[in-house]
Amino acid sequence: MTSIILRTATRYMFPPLLVFSVYVLLRGHHYPGGGFVGGLFAGSAFALYALAFSAADARKLLRFDTRDITAFGLAVALISGIPPLFCGNAFLTGTWWKMPLLTGGVLDIGTPLVFDIGVYLVVLGVLLTLVFTLGEEE
Amino acid sequence: MTLLPVLPIIIPLAGAVLCMLFRKSLMLQKALAVATSFMMLLTAVCLMAHTARGTIAVMNVGSWQAPFGITLAVDMLSSVMLVLAGLLAVAVSVYSCFDLDGPRIKFGFFPLMLILLMGVNGAFVTGDLFNLYVWFEVLLTASFILLALGGERPQLEGSIKYVALNLLSSALFLAGIGILYGMAGTLNMAELANVVKDGERGGLVTMVAVMFMMAFGIKAGMFPLYFWLPASYPTPPAAVSALFSGLLTKVGVYSLIRVFTLIFTNDPEFLHGLILAGAGLTMLSGVLAAAAQYEMRKILAVHIVSQIGYIVMGLGLFTPLALAGTVIYLAHNIIVKTNLFLVAGAVHRLKGTYDLHKLGGLYKERPGLSILFIISAMSLAGVPPLSGFFAKLTLIIAGLRAESWLIVAVALGVSLLTLYSMTKIWAYVFWKPAPAPLPDLDPMAPGKWAAFLLPMVGFTVLTIAIGVFAGPVFDYAQQAAGQLMDPQGYIDAVLGGAK
Amino acid sequence: MEAVLAIVIGVLYGGGLYLMMRRNLIQLIIGLGLLSHGANLLIFTAGGLRKGGAPILDEATNTYASAPADPLPQALILTAIVISFAVTAFALVLFLRTYQTCGTDDVDELKGTDT
C-alpha cells in the first residue's frame, strides 16, 4: 500500500504506540493491563508499519528475528518461575522484593512482572511472525 | 519432590526454547531434542517410581491452594502415560534425526515437536478441567503446524479437516466446561467429583457428560467422529505420523478415562453403556475400513481407529479388570502402533512408495526390517506371547465376567480381521516378489542404518518384554485400575492441602 | 438478561454451525470464530450474571469494598479468546496456503485424501 497519509501518520504514531505498550505492560502490575495487551500494542505498531510500508521494512525496523523474540520471551517467562523454588515455594509462586528508592518510596518488584515481560515478548513475536508471514504471501 | 510433577512440562518447554534459539544449527537442534527427550523419559520414570505404591504426587502451581489454583496431580495412570510419552519422544527424535529433511528441521520441526510433547505431558498431569483444555489447545496448535509443515497438497487437504473438526471439538469442550462451572462453581476435577457425587441435578450432569464424550471422542477418533483421522494422519512425514498416531488420539482417550472415572460416575448404566456401544462400533468400522485399503500407511491409520475401540471398551465395561486391560492396552498400543508407523516410514525411505501393489520382496532385501514389522504386526493382532495378546485377553476376560457377550464377540472378530490386514501388508510388501524391481532410493551406510533402526528395535523388544513379563505389568495395571475405580484417594490427595 | 443471552448464544451456535457446513473455506473460518464466541458467551452466562466490584480485599479492613463479582469466568474467557485468536490466525495462514496450492477454496474439491 502506498498511501502518503498512512505513511506519514504511521511515522508519527509508531513511537507513541511503543511507549504506550510499555506503559500498559508496567501498569499491569496493579491495574488492568499487562504483558498480553502490551505485546498486542507493540505488535500492532509494527503491523501498522508493515501495512504502510512493507513487511520487509518492518522486519528491518524490528532488527531481531520474530522467532528469536518468541523464544526469548518463553525463556524469560520460564525463568520467572524459578526464584520461588529457592524460598521453598512451588513453581511460579509470586515472589517479591521491596526495593527502596532514592526518592524515599519503596518499589515492589516481583516475579509476576518478569513473567509479564516474557508474555509481552512472546505475544509480540508470535503476532509478528503471523503478520509478516501473511504480509509476505503476496 | 515438590518440583517433580511440573518437570514433565518444564523440560520440553526449555528444550523447545533452546532449539528455537539455536535454530541455525541442525546438529545442535538434533542433539538438544534427543537430550530433552531422554530427560523427559528420566523424570517420567522417577515419577512412576514415586507413585508406584499408590501415592499421588500433587503440586499446586504458584502455591494457590486447591480447589482455587491449578493443581497438578500424578497418579499411576498419569505416570504410565508420561513414561510412554517419554519413550515415544526418544524414539521419534532419534528417528527424525535420520529421516527428516533439512528444510523441515530449519522451519522448526524440533521446537514444535517439543511443544507438542509439553502439551501432551501437561494434559497427563493436570488436575484442572480448564487447564486440560489449555493443554489440549497447546498440543493441537503444535500438531496443526507439524501436520502442515512442508505444505504438500495432501498435507494441506488433510490439515483442513483436522483443524476444522478439532476446533469444533474444542468449542464443545469449552461449552461443557462453561456449563459445569455454572453448575458446580469449580473446575478442579477432584472438587467436581465431590459436587457430582452429591447427586443434585443429575440430568444436567449427564448432558454435560455427553458433551465431554463427544469432545474427547472427536479427539480420540471414536465412532462416529473419526473421519478426520484417516484423511490426515497418513499425509505428513513418517516421524510426524508416528508421533500423532502414538500420542494424540491417546490424549483424547486418557481424558475420557480420567473424566469418566473421576467425575461422571453418576449414571454408569447410560453413560458407560454409551461408551461401550461406541467402542464396539469404533472397532468394527475401523477394521472394515482398513480391509478396503491398499496403501500401507493408510491401513495403519485406519487401524488406529479400531484400536481406540479396544481401549475405550475397557472404560465402557467399567470394572477393575476391564480398566486394567485398558491400561495395558494403552501401553501396548502406543508402543506397537508407533513402531509400525516407523517401519512404514523406513519402507518408504527405501522404496519411495506406500502402495501395496508396487512394493514387494522386501523380506529378501531387508530381513531385519521385516522381522521388526512382523513382530509388531502380530502383536497388534493379538498373537501370543506378545503384548497385544495379554492386553486383549484381559479385556475379553473382563467382558466375559461382565457378561457383555456382544462386545466380546465383536472384539474377537475384529481381532481376526486385524490379523487379516496385517498379513495383507506382510504378504504384499515383504513376501511377494516385487512386481517391478524398485531401486534402493537411499542406500544408507550399514552403521547409520543400524542407528536408524534402533528406535524400532527398542519398541520391538518392549512389546516382547510386556508379553514375557506380563505378570508384573498386569499387577501394576491392576493397581492403577484400582486407583481409578476408587477415586477417593485422588480426591483426598488433591484437596488435602498438599503442597 | 439470561434469556436474551441464551438466545444470542443459540444464534451464534446456529450461525457458526451453518457456516461450517458451507463449502467455502472463508465461511468455515468465520463459522469457527462464531462458534468460539458462542462458547465464550456461554461461560460468561453460566458463570452467573451479577453486578459487583473487583474482588480485591481492602488492606486495612480485610473485607471487600462492595460485593465482588466472580472473576474466574472472565479469566477463563480471556484465556479462551487468546487461544482462539492464535488458532484462527494460524487457520487463516493454512487456508491461504491451501488456496494457493490447490487453487480452490471449495471444500468439496479438497477430498484427495478421503478414500
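Going in written order, the chains are labelled A, B and C, and every chain counts its residues from 1.
The rule is simple: contacts are C-beta pairs under 8 Å (C-beta built on N, C-alpha and C of every residue); 3 or more make two chains touch, one makes a residue touch a chain.
Keep in mind that this is a model prediction, so the values were computed, not measured.
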Which one of the chains is farthest from chain B, going by Cα centres?
-> A
Between A-C and A-B, more contacting C-beta pairs sit at A-B
Per the C-alpha means, the centres of chain B and chain C lie apart by a whole-Å value of 28
Taking each chain's mean CA coordinate, chain A and chain C are separated, in whole Å, by 24
In whole angstrom, the CA-centroid distance of chain A from chain B equals 36
Could you tell me which residues belong to chain B and also touch two or more other chains?
-> none
Chain C: which residues touch two or more other chains?
-> 86, 90
Listed in rising order, the residues of chain C that touch chain A in the complex are 82, 86, 89-90, 92-93, 96, 100
Which chain B residues qualify as touching chain C in the complex?
-> 130, 133-134, 137, 140-141, 144-145, 148, 151-154, 156-160, 163-164, 167-168, 170-171, 174-175, 177-179, 181-183, 187, 231-232, 234-235
Listed in rising order, the residues of chain B that touch chain A in the complex are 2-3, 6, 10, 13-14, 16-17, 20-21, 23, 59-63, 108, 111, 499
So in the complex, which bits of chain A are touching chain C?
-> 36, 126, 130, 133-134, 137
Complex interface listing, chain C residues touching chain B = 16, 20, 25, 28, 32, 35-36, 38-40, 42-48, 72-73, 76, 79-80, 83, 86-87, 90-91, 94-95, 97-98, 101-102, 107, 110-114
